[in-house]
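Down below are the structures I want you to see.
After this come two complexes, each holding chain A, first together with chain B and then together with chain C.
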Partner chain A sequence: MNESEARSLLEIADDELILGWRDSEWTGIAPLLEEDVAFSSIAQNEIGHARALYELVAGEQGTTADELAFDRAPEEYRCTRLVELRLLDWEKTIARHYLYEQADAARLEQLKQSDDAEIAGLAAKIDREEAYHRMHAQMWFDRLKDEPRFTAALDELRPLLDAGRDEHSPELAELWVEMTMVRRSQPAGTAW
Partner chain B sequence: MTEREQSFLEYVQSGGQVEATDWMPDDYRAKLIKFIEMHGNSELMGVLPEREWILRAPTLQRKLALTAKVQDEVGHSQLIYRVVEDLGKPREQCLDDLISGKAKFHNVFHYPTKTWGDVGVIAWLVDAAAIISQKALLKCSYAPYARIMKKICWEESFHILHGRDVVLTLMNGTDAQRELVQEAVDRWWGPLMQFHGNPIAKDEDPMYVWRIKSQGNEEARQQFLDGYVPQIWELGLTVPDADLRKNDDGVWEYTEPDWDELRSVVTGHGPKSQDRLDLRRKARESSAWVRQVVLAEAA
Partner chain C sequence: MVTAEQVWNALAEIPDPEIPVISLVDLGVIRDVGVANGTVRVAFTPTFLGCPALEVMRDAMAERIRELGAEPEIEVLKDDSWSTDRITPEGREKLRVSGFAPPAPREASAPTLVQLQSNVFRCPYCGSTDTKLENIFGPTPCRSLRYCPSCRQPFEQFKTI
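Coming up: the complex of A and B.
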């Protein structure tokens, strides 16, 4: 794995981690119990993917998946602003879900062609689960496509797909404070 | 009681089970709905104390386990509301009655979660108390409810393992981590002792008379104490009850739980009752349009 490969794996891992964290915020308060269960599953998948990708990179860098996920400063994360936003409006959550899954599919397709068998294998494995996320996103897209609030959300969020990864929204720093709060309460290396 | 009702009562008391399509007395149906609906409400409200910690889980593994656990609870409420629906009360009506305060949910879900120690203690001890009640429902006279309890008990037993693992890790950690657990046990002990309800004689408990429950409240509490107090002590934790001990006849003695607190808490006067109902109310109001879209599509 060269440096640029490690960098692109980290980008995907950070996207999946932060989106997984955001999606998990729906647990317990989604519009339908069925969606509560669905979004929770999606969140678990995304975090599972993040963990597998971090493990690959961590193996190369002599660190651990947890250290990569939690022990960097917010500005060191390589995720897109699209996944950082706290969107507890269903139309915006679904718009992000739809946009993200499309972009993620294209990226995974490339990764599946990697010369590194480990990377290609992991990408294929991740893609098998993402296929269900895409079906879920498509189902909701079809349901909401005529709702003005949904089309407005798509228009608002679409530009973020190309917004780059060097600048982060303030919401990432807020999320980071919360997601590392318990972990930071004890000295580094403490088991949880 | 009519002759038909009397023979129904004898049937369930001799271990007979009833299906959704069978004839049943109105009183039995009403008791079933009340009991099962409260169970569904409790699973759903039980999500809220723990969901606050999903964002703060300190490792990827804990995050996955906690999210999966909370997801299980929502899944249980969905299953349970379906059983209530078959008995004649739609889910939407259950949810409306829950947020209006008309329907109740279990006492332990009216309290705040203050530290990561609570996450371990809830999954270990609150779920342990719950599984004792739920295992007794495997013999419920209403067969559809008894059947879903198999899946629920199986999943709850994983929650207990997860909770015990969180607690064990903390107990093997730093002094501050051990204090988190002890402080959580101290706070949760009162609600845990109230959990199985007042020691009403089981033959006077209508839920037992109809064999909706298969054991009495005190029986359940004794089982909880017998199963978990030795484990709590073994980990080096203490229980905040100086009078707690097991007598030679095998019966646990304890300080009388605060039944006034239980009554006040389950009628919506617990420290977090109104906050949690408000959160559920707001979530329900702001997503009403989504349900309308889905319903329109189904029509």
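Coming up: the complex of A and C.
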């Protein structure tokens, strides 16, 4: 694994971790029971992908998945701003889901072609799971594609995918506090 | 000295933590067992990467191997080598009688919504294939929800991976 591969795996891992947290915010309060179940499952998958990706990078860098996931400062994360936002409007949640899954599919397709067998193998496994996320996103896209509130949400959120990964929104720092609270409150080395 | 066969037999007694009717061997997550110098090496492939049962499975395997008097070494393979096609015929039958429809065979490309909405998924209770997709997602990442209008019974379909 070269430096640029490690960097791109870390970007994907950060995206999946943060999006997993955001998706899990629908657990218990989604507008439909089916969607409560769906977003909870999707969140669980995304965090599972993040963990596997962090583990792969951690093995190369002599660190651990948990350290990569939780011990960096918020400004060190490499996620896209699209996943950072706390979106409480359903049409925006679905717009983000659709935009994200499309972009994620394209980069997974590239990673599956990697010369590094570990990277290609993990990408293939992740892609098999993501296929169900894409189906779910497409189903909602087909249902909402003529709704002005939904198309406006797509237009509003789409530029965030290209906004770069060096600048983050204040929502990421807020989420970071929540996400790392338990870990930060534990004295180093304490087992649960 | 423990043999590979003894290890396989011991692992075949470990129930899947979420669907205890089938064992880890039925589920096809054990790729390989190697025995050398008092150490048992197990190559294990997770089902879904975010499955919370993975640690439970790993710890259960290590415990059974220690009970056999050997030191466990569990290697987790995170590639695409586990697929629902690896669930054994016995495992599929155990799933079906417990009300879980076994997964459809894996194809070269991932399943599509059109396929999931088609009439090929068999109700585990009455056998009808006239069943409807209710939700791609279910109580765990590995399951979808379907409904059978013939016997008016909802059921869980193992996702093809």
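The working rule: the second predicted complex is superposed on the first by the 191 of 192 C-alpha atoms of A that agree within 3 Å, B and C clash if a C-alpha of one lies under 4 Å from a C-alpha of the other, contacts with A are read in each partner's own complex, and residues count from 1 in each chain.
One rule holds for everything that comes next: a contact is a pair of C-beta atoms (placed from the backbone, for glycine too) under 8 Å apart; a residue touches a chain by one contact, two chains touch by 3 or more.
Predicted model, so just to flag it, every value in this text is computed and none were measured.
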Simultaneous placement of chain C and chain B on chain A, clash or fit: fit
Greater residue coverage of chain A in the superposed arrangement, chain B or chain C: B
Using C-alpha centres only, what angle sits at chain A with arms pointing to chain B and chain C? Round to the nearest 10 degrees. 60
Now for A:L9: first (chain B), second (chain C), both, or neither, which partner does it touch? neither
Go through the superposed model and pick first if A:A95 touches only chain B, second if only chain C, both, or neither. neither
Is A:S41 touching anything from chain B or chain C once the two structures are fitted on A? First, second, both or neither. both
Figure out whether A:A52 sits in contact with chain B (first) or chain C (second), or with both, or with neither. second
Given the touch rule stated above, what does A:M181 touch, chain B (first), chain C (second), both, or neither? first
Which partner does A:Y132 contact after superposing on A: first (chain B), second (chain C), both, neither? second
For A:C79, is the partner it touches chain B (first), chain C (second), both, or none of the two (neither)? neither
Give one of first, second, both or neither to describe whether A:D66 is in contact with chain B, with chain C, with both, or with none. first
Identify the partner contact of A:A124: answer first if only chain B is touched, second if only chain C is, both if each is, neither if none is. second
Smallest inter-chain Cα gap (chain B/chain C, superposed on A) in whole Å equals 5
Return the residues of chain A at which the contacts from chain B and from chain C coincide. 34, 37, 40-41, 44, 47-48, 51
For chain A, which residues are in contact with chain B within the complex? 21, 24-25, 27-34, 36-37, 40-41, 43-44, 47-48, 50-51, 54, 65-66, 69-70, 89-90, 143-144, 147, 175, 178-183, 185-187, 190-192
Within their complex, chain B touches chain A through residues 44, 47-48, 51, 53-60, 62-64, 67-68, 70-71, 74-75, 77-78, 81, 91, 116, 169-170, 172-174, 176-177, 279-280, 283, 286-287, 290-291, 293-294, 297
Going by the contact rule set out above, which residues of chain C touch chain A in the complex? 48-52, 78-83, 110-113, 116, 134-141, 145, 159, 161
Per the touch rule, the chain A residues reaching chain C in their complex are 34, 37-38, 40-42, 44-49, 51-52, 55-56, 117-118, 121-122, 124-129, 131-132, 135-136, 138-139
